[in-house]
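In the part that follows, the structures are each spelled out as structure tokens.
Both complexes shown next keep chain A, but they swap its partner, so chain B is in the first and chain C is in the second.
This part shows the complex of A and B:
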């Protein structure tokens, strides 16, 4: 039965849309509790360290004049970059999902590629190409062009599954086209957009490598200073708690701005695409400029290194080994994060209670913490309670999954918000069991989101450095750690292939994403 | 499929349980520790696994791991990390025969770590913009107004701390603070995160003068060739606090389960064979055991006349960090 036919049948049976329990609420709550517990381990570590040190010393660390500077820097950077990334992300998503832009699949791949660029490559590229780009405005430019994909991905996934019928209805009721877009489409992508903005702002809090090179002081750079030169773990943890506090403010703000949320209707036809006509070349140029700036600069840096560098006396770890390790760890982590995000997203979108909201919100905190802190925290617990797991592949995968789980959650939330609950109700009245409903109705509806979530976590995890340096299995290097080892020694020529391979490896999920998006749209058109 | 690939990677790194092996946390340059580890394995058959990172990251990791740490040996690029771990009672005493091989002042005063190599800080300058005659002979000269906007500085670099401590020891804290504030003014726009960045930037013309650990200048010249090197290095005046010896040392963790093998490794590091391995392969550091020849590209150790401050006096660098924070550089 097609979706449209199911809807009609539901209407004829007089089935009302009532939010009630689906998929075993207990199952969802238990799964969410486990996920939230894992995500809160870093916070437990910070609190343990803070308790050990005592209030007076913590206060003396926090009450320095530098803290005010850091706070001001953090606030103004977050505001500017989040707005910039939101505007660019939504505009780019609209271009690829709602217009007849040529080469859409290629654009989809290119537009997510900035996520595959490690922050140290980004920083170095900009610093070499344009030494004038540094400080506050330099950081705004670099971070906006580097993080807009975090808004682009969830919004594109949401637009892909959004209902064009609402747009048409708005138009028939007399609204002008632009207004129709603003009211209906923006409303539908609101959860995804706000989720993406939340993720961008949280990631900015934890960002370190780029700011170090661009010479912009934030809490994160200060935390690293405390670890690296002060041997002052308690002070670094105190500053990390400030990041947690700021993260909590952002989380609360997002909840307030998003509001209660409106249940969505179904997905019938594929979306109507706006015809660009004469604007088409202009849009292509604009997108090319965006891609050029965000990927071109780091690519230029890599080419420069190939040309500049010579041999290295460092041990030649095989490029293939490092690539395999990166791909294996990141795929496993992406699968776990995506799998774990489904129950939490379902719980919070379908049944909005205080408990579900609290569980969901608590998992985002980890995104505000630098990777080094998360790794130290997980290492602290595992070396004491699971020593065989310490510095093992499993632990590294778990660390990535915990660090980047919020990314998967944001995408899944946007996707679940689009999947109409009513279809599941109807299936239940027609006699389908819970498992059958989940497999045949919910999962296919969530598929674009699942793929986007997987791709997103994979991309971001592949460039992770600081946590990996702490927890990687001894003797195993990832593309990022090997790259770092070579560049610390001026062996740029040896490092360049690793950076290039990293970007190539990251193109795989990007291509996968573009391919599947097209296929899903085609299948819906046929049904 | 994912599970099998993760398992395959794990299996590839699993060590055999029968032969003993050491786990070394190394903050030294990767080439240096690799040379030592390979030579030791060949000589004794004991496998050495190495984890490379920065001194302080590893020290922090060791502190967080505590008595559950899987590490056996800690090799640091500079002494502050070792002094810090020593203060926290995480190190086991080094065998007296090992300590006897290097000058006493270059090892731990308590005997918990042994120095194996050293380097002395010096000035690097851009040859196109600066003449050797213009270079200051005292580290205090970096604060001169003529260097405003031209000084490159990395306040968070571990190598800078011994200089700050030496300045404070010789001239007093107040003068050191004033000096640091002046450096802050001079280095506006050219504050970098580490020596690697400083050397690259001064070479590129961004900033004309800096004080660094010479390893990075030699490494840069090695990689890019003499033709692309637009910088040169020069020592400060003999005994000047900017002309400081930094000792690279090794220690054994108290929690190690391979104490005997670890002692053998440290003994190897200060043996003729170990020191010779250190002295070559572009490590650009001086072996501390008297009579072992260093890399010929370096000026001979006997010609160096650094400030007499010892590693014990440098401590864990906390004094330097406090001054740097007070001056606003950190």
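This part shows the complex of A and C:
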């Protein structure tokens, strides 16, 4: 560019008072506030209801022996399952990331795959084959084996990027290997581990189908009963507020326990792997058992009921329709949440202030709410302000997007950390404008994360039950609602094809997620 | 002709006043180092010149045209200044050629320049990266990465490159060799370069001019020889190289201090009777025999640091107020700790009147 051209540009730009760095920040904050606002709609609904019903009425609903039972059930279940998932998740992550286990890549994908099995299908599998699996311990078994991948994924990723030098230094200071691992590595994976545990415990609070099948009473099942059977909105709201309170406790606990973030450093070399030696077959058997329990059992049950069940038919048309509806709703919802997670993730990672942290944290609370409550909330607002939307496909999609937005955010945050702002600065000095930088630098670097967030939301949304039951457009069924309808009638044979199709539909993003994880881990370890 | 002219630059981040009234200029085709301890505002200064930060006051001019200040702000993408940040910041998803060609895409969107582009070839050649065209950043060594970052910065540039501690992440050996290489590449491409560093060796050996920065203000700007030989203030003297700063008084045109009489090698000697602080570099002090002529001082060797090519002695002077002086000697025959020595100073490099 000639000097005269530079001068002209300079003159034309002189009018602008502020550089557009500020403008970008404003845009980011605005977008994030809108997203957080949408994510907080369910909470707003609950508070509105509470005010309408009045505190005395709420208090009388809550001050019952039933509440104590529910609280005891929910708390002990949350504690047991979270600890179980944490132990299994960390152990499995260590096996695939820090040992010389044979067939590591295959194990990695297999260990993520249980995400593709809806928890209620897992519960159905166990309970229908072994009726002894029910109640508290049955629920602990099913939920632990179903949700450990949510701990495994972030912990394995953190183990890959953990600095092996620290471990070495700890060993030279006289720690034995196990102690060295505990002191340094556990310290480094702590944020990832706590993040995983948080998601597991929040999802537990909201889970309904599994506990209904396993005949275990939690807040979530009781809220459903109060509402569906008694049409008792005040009671449902009061119980939901207790869930919100528990969720808030969990969120605060996580922040307090996590403490300040551990700075992560790019690795020079891959970490050393422990030699398993003679233990290798034992570890393989243990992992195979884990995969068998979490994938094998439901598969076996589905095949068994399909072959044995007197009610089996293969309703090809309705199956195809339900599969199509599921795929359409879930991909639309996944796209929306992933898209919405980008500005929030950018804001939290690049401008870490109290406000941005609070904004991010506040969106997690929706994970603790049963789908039914979220659906009630959004239904309430749509009837009031957008009556044409009520029970439309659009509303269901939006509900899914709100419900699972936090999951997309968790994945996107990790992804944004891979695309530091420094790269964009350099790109600007090389003469590229805002749009060009986004297309050529930011987007390609975020793409794997976008796909992973999309896959995760798709996966979880495809198994959604209670919100769908309330909001689905007339005449449209999803795989989950059809499965639910048949199992409620004990028509296991008819239900089986829906469960199988559901697992197949979920398998695609599940495998995608596994491969994405393989890739980012590989790149991170190498760079 | 001046390539960069900074005048009265001011920058604060909230309460923190990072740059205060900075003024200096960089001649075209020269290599200027900005030397200062960490936290002195070096990186902020560089980012302001690049346009990544906007000045709160003062002006930045490139090639005589104001790009920041007096109501004007030219964004970084229109300044076309090459910028090499600390860790290189290569685009991890692009190979060597695409990284280098990234800044050449301007105005030719239908076809991205590749390895066959003349400018890319030239830069690969100049930086010695031929043969590595298809490698991704994580497949390169630290030195190679820095060379790619430099080539990328040079590619579209208006002839100005800013380097932010480009060698700090490398090990000592690679650092020395890459230092020479960088200077070579910059000279061959006749670029104007501004290098930020906290390493005085780097600044002294690479640059034509050094801006000494401390807490956001300029202590001195001078060529390396002048900065070392004629520092403007005791502070500048202390920051660049080893220095003996001794208190004394001017008598008969020379300084009288704990080293005895020291000749002042200066154009303007302060009048007799002035209390002064003088600077004597370690290599301006010699060991002399006990019976030698002239003014000398006795002391005991308190410490001996062997560096191979030379030896640094810390000598505690007898009878004085406990002053230590540092002496640089050549060769391994230097006296050991505890030995008595007699010192003589050739001349002082500078003298500043004390208030």
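Simple rule for what comes next: the second predicted complex is superposed on the first by the 361 of 527 C-alpha atoms of A that agree within 3 Å, B and C clash if a C-alpha of one lies under 4 Å from a C-alpha of the other, contacts with A are read in each partner's own complex, and residues count from 1 in each chain.
Convention: a contact is a pair of C-beta atoms (placed from the backbone, for glycine too) under 8 Å apart; a residue touches a chain by one contact, two chains touch by 3 or more.
Keep in mind it's a predicted model, so treat the numbers as computed, not measured.
Undergrad: Quick one: classify A:428 as touching chain B (first), chain C (second), both or neither.
TA: second
Undergrad: May I ask you to decide whether A:362 touches chain B, chain C, both, or neither, giving the answer as first, second, both or neither?
TA: After superposing on A, A:362 lies clear of both chain B and chain C.
Undergrad: Residues of chain A touched: more by chain B or chain C?
TA: Between chain B and chain C, B touches the greater number of residues in chain A.
Undergrad: Looking at the overlay, what does A:490 touch: chain B (first), chain C (second), both, or neither?
TA: After superposition on chain A, A:490 lies in contact with chain B alone.
Undergrad: I'd like to know which partner A:215 touches here: chain B for first, chain C for second, both or neither.
TA: First partner only, chain B.
Undergrad: So, does A:131 touch the first partner chain B, the second partner chain C, both, or neither?
TA: Touch status of A:131: first partner only.
Undergrad: So in the superposed three-chain picture, is A:325 touching just chain B, just chain C, both, or none of them (first/second/both/neither)?
TA: first
Undergrad: Quick one: classify A:444 as touching chain B (first), chain C (second), both or neither.
TA: second
Undergrad: Which parts of chain A are touched by chain B and by chain C alike?
TA: Touching chain B in the first complex and chain C in the second, no residue of chain A appears in both lists.
Undergrad: Using the touch definition up top, name the residues of chain A that touch chain B in the complex.
TA: It is residues 64, 66, 131, 212-213, 215, 224-225, 227-233, 308-310, 312-315, 321, 324-325, 327-329, 331-332, 335, 372, 376, 379-380, 383-384, 387, 390-394, 397, 469-470, 473-476, 485, 487-493 of chain A that touch chain B.
Undergrad: Which residues of chain B touch chain A in their complex?
TA: 2-3, 5-10, 12-13, 23, 29-31, 34, 49-54, 56-57, 59-61, 63-66, 68-70, 80-81, 84, 156, 158, 161, 191-193, 196-197, 200, 204, 206, 216, 219-220, 222-225, 228, 281-282, 316-318, 321, 325, 328, 330
Undergrad: Would you mind writing out the residues of chain C in touch with chain A in their complex?
TA: Those in contact with chain A are residues 47, 50-52, 54, 62-67, 71-83, 85, 87, 89, 91-93, 102-103, 105-106, 137-139, 152-153, 155-156, 158.
Undergrad: Mind listing the chain A positions that touch chain C in their complex?
TA: 1, 3, 6-7, 9-11, 13-14, 16, 18-21, 418, 420, 422-423, 425-433, 436, 440-441, 444-445, 523, 526-527
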